[in-house]
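Residue numbering begins at 1 within each chain, and the chains themselves are lettered A, B and C in the order written.
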Amino acid sequence: MNKTITAEAQIASNIVSAKISARKVNVFYGDTHAIKDVSIEILDRSVTAFIGPSGCGKSTFLRCLNRMNDTIDICRVEGTIELDGHDIYDASVDPVQLRARVGMVFQKPNPFPKSIYDNIAYGPKIHGLAQSKADLDGIVESALRRAALWEEVKDRLAAPGTGLSGGQQQRLCIARAIATAPEVLLMDEPCSALDPIATAQVEELIDELRKSYSVVIVTHSMQQAARVSQKTAFFHLGLMLEYDDTSKIFTNPDHEKTQAYITGRFG
Amino acid sequence: MKEHIVSSFDEELQKITARISEMGGLAEEELSMALEAVRLRDGALARKVIESDDRLDMMDARLEHDAIQMLALRQPVASDLREIVAALKVSSTLERIGDLAKNIAKRTQVLNEGQPLRVTGSILRMGKLTQTLFAEVLDAYTSRNTSMAVSVWKRDVEVDEMYNSIFRELTTYMMEDPRVISLCSQLLFVAKNLERIGDHATFISEMTYYVVEGEQLGDDRPKGDPLAAFIED
Amino acid sequence: MTDLASSAPQRIDWSDAELRKRLARRHSGDKWLKFAGIAALAISFSMLGILVLSLVSNGFAAFTQTHLKLEFEISADRVSAEDPAAGNYRAIVRDAMLGLFPEVTSRADQREIANIPSNGAQYILRDRVVADPALIGTRVTLSVPVSDPYDQLAKGLVDRKTPEANRRVNDQEIAWFDRLEEKGLVSKPLNTGLITNADSRFPELAGLRGAILGSFYALLVCFLISFPVGIAAAIYLEEFAPKNKLTDTVEININNLAAVPSVVFGLLALAVFIGWFGLPRSAPLVGGMTLALMTLPTIIIATRAAVKAVPPSIREAALGIGASKHQVVFGHVLPLAMPGILTGTIIGLAQALGETAPLLLIGMNAFITQAPGGILDSSTALPTQIFIWADSPERGFVSRTSAAICVLLVFLILMNALAVVLRKRFERRW
């Protein structure tokens, strides 16, 4: 199956090329083997969804892509994950810088208890991306515009970010992530704490972001994966059982387990 | 396939499958009654066919309603989605088969007014074959048997060929004796209806294949071209 | 589904007598629990009330001080302009008193009369003249405290009906004092000396200035040591330390340290700070260092709890945009944990403020009549001062001890109030 995927990705590379390619990735938490031999090519300028039952390793794998797992002492990653052809687990790669290139949005909207402006400006500030105050203002505005939040907050940039509604907070977090001009955006169940309207707004935003970034989204909602993604990977018990076009997965998946999972037959 | 975690989903799916079986049985019965009516020149039986078709129409409407409800409320994907979409299409196909059977029954009333013709035997043989294929494809659909479905799909060409020969036979009759033109044209319609039923049966076999394999059966089905007879002439 | 429907749940008759009785029992259980809670609160509040009431009623007397308004003649032959500090002020006070009782001629009586104003009156007068030498050769009217027995008499603490032999003032002395009162020379103003004076052998002059300053310096030293060290230790343990046996041991020992009796810290300080390092005895520096030892575990525990309470989502958010570890800690974790840390620190300091035993061991219970000018001067602290006064035989110290305890309690309440205010002020939602 992997062979065909790689071939497909190569064919597609005229328009969209593989942004991240992972080969034989294994992750261990102490003695637990959390991810087993996962190989995947994640395309640029497209949305890739990771689906699977709880504890299947999809979030763990997502966190490997920007080395967030480094912060956990007992976590060990094997195999290679390449971003634009460079191994991100290479000793020469600083995870702090990598995370500016591979941004992340979390399950619960988690703005800093600071002003809206400072929330966005934090990343560019610590990475030294702005030369002047005017520069920073520009970055903040463009990040908020890209996150479709500018119109709603432009008059109250000094107001605390925690005072926004849940959906706005999540879009603020997305704006914060894109303020460091990342190439890849990882989203770990970004809508699970949001109401349907806010979810729709975030999904619309994801669709918009697809034009400039490679977006990887972990979601528990199959409908969401179907709605926003072009590629879907199905994880089960640490294995990636199937990876294909979303339209294929949701009409005629190859793997029996995928079929059982997306039709609600698990257990 | 395993059951759904939500058991009421399974119940609804089963209900739809049962409806299709029931409709299939009804359409089958209609067809055999219509053919019996042709054979026995039985007007009463023909009227019975016409009456029972109303029930088939009603069942089709009900199944369509249920299927739309399921699409809206359950948002089925993969095999479930294919199942429901196929059920929708098969249901309306069965309804159309019922219409065709009804049409055959209607024509018996005209046929009964004239002399019995020898060609009726050929038409009844064609009817037998159509019936067999239809019964088989219904079996294949309910049991999700793709090889059986593919065999029906391939054998439809026999029905087409029979139709072609009947067509030729009937045109010969009509050329020989203009008095039988009205009778023969009725018989021609009966034969055409049977040929249409055969086509619908192949459509059901295509649906069977789609439900199971998730892919279309393809477009290279062997077909008996009715015009071929004239071009050859 | 059908088999589920066939085994439909049986309906329960909620009006059943047995069930009702059970319900009533459960409700009465609730009521008892609530009552027990209220009773416990009432008991603790009444205890506190009794404590405060007895302290205030005992100490109330010490909040005022009987003063005598006297006119002093600063004659040039008693005080020389060149060295005003060396004058014979004792004689001036004596003359002023005798001037009020010209009929008394007996030497013994004259001595008694001269003892009515406090022994400190001469020093008050001296300080006044030293401050303003132009007063030499003029008459000065000053209000000076009366000595302890008369102070007690004025406040009604000496019962005039007691047999003369059992009284601290005899009938003659009472008569003299009554004459002074008749002349309107006696007043009982607020006893500011309690706060502004340093310690003294004479109760009417004794104040808490030295103790308050001593406690302040000690707490300052304690804060400057324990706050940064405690936070640094807590941050390391919480954010950087690997989770292994060694860290676990350190953790357990920090918790144990918090439970060590304070007197042990005193002994340790005596041996190490004074014995080894040769730091001065009785100094707030040593006191503060000792108190810091005790406050450290409290601050470490409070800081760790506050750091732990910072939601991991904030840490993840910062790490997720590429903040380094120290940026996460200083930019996000510490500011969010600060209210908790400050609360813990202030409570730790309040505890340290009330601590007595270790200070006794390092000699902060010496008799020192001078307020400390810095952390190296000898001094007492509030609790040790209370200890000293409680030990003193003079009657006047009884009420002063209670008053000093009240002062200590006021400081504690202020510190706790500050903790509450800081927590409220810096509390942020996330």
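Things to note:
Just so we're on the same page, contacts are C-beta pairs under 8 Å (C-beta built on N, C-alpha and C of every residue); 3 or more make two chains touch, one makes a residue touch a chain.
Just so it is clear, the model here is predicted, and its values are computed rather than measured.
Pairwise, the chains sharing the most contacting C-beta pairs are A-C. Comparing the CA-atom centres of all chains against that of subunit A, the greatest distance is found for C. Central chain assignment: A. Criterion: smallest distance from chain C-alpha mean to the mean of all protein C-alpha atoms.
Between subunit A and subunit C, the centres computed from C-alpha atoms are 58 Å apart. Measuring from the averaged C-alpha position of subunit B to that of subunit C gives a distance of 102 Å.
In terms of their C-alpha centroids, the spacing between subunit A and subunit B amounts to 51 Å.
Contacts with at least two other chains are made by no residue of subunit A. Counting partner chains per residue, subunit C shows two or more touched chains at no residue at all. Contacts from subunit B toward subunit A in the complex involve residues 1-6, 9, 75-82, 213-215.
Against subunit C, in their complex, subunit A makes its touches with residues 66, 68, 71, 73, 96-100, 103-106, 108, 110-113, 122-123, 126-127, 162, 173, 176-177, 179-180.
Interface of subunit C with subunit A (complex): residues 242-243, 311, 313-314, 316-324, 327, 331-332, 336, 428-430.
The part of subunit A that touches subunit B in the complex is made up of residues 222-223, 226, 249-253, 258-260, 262-267.
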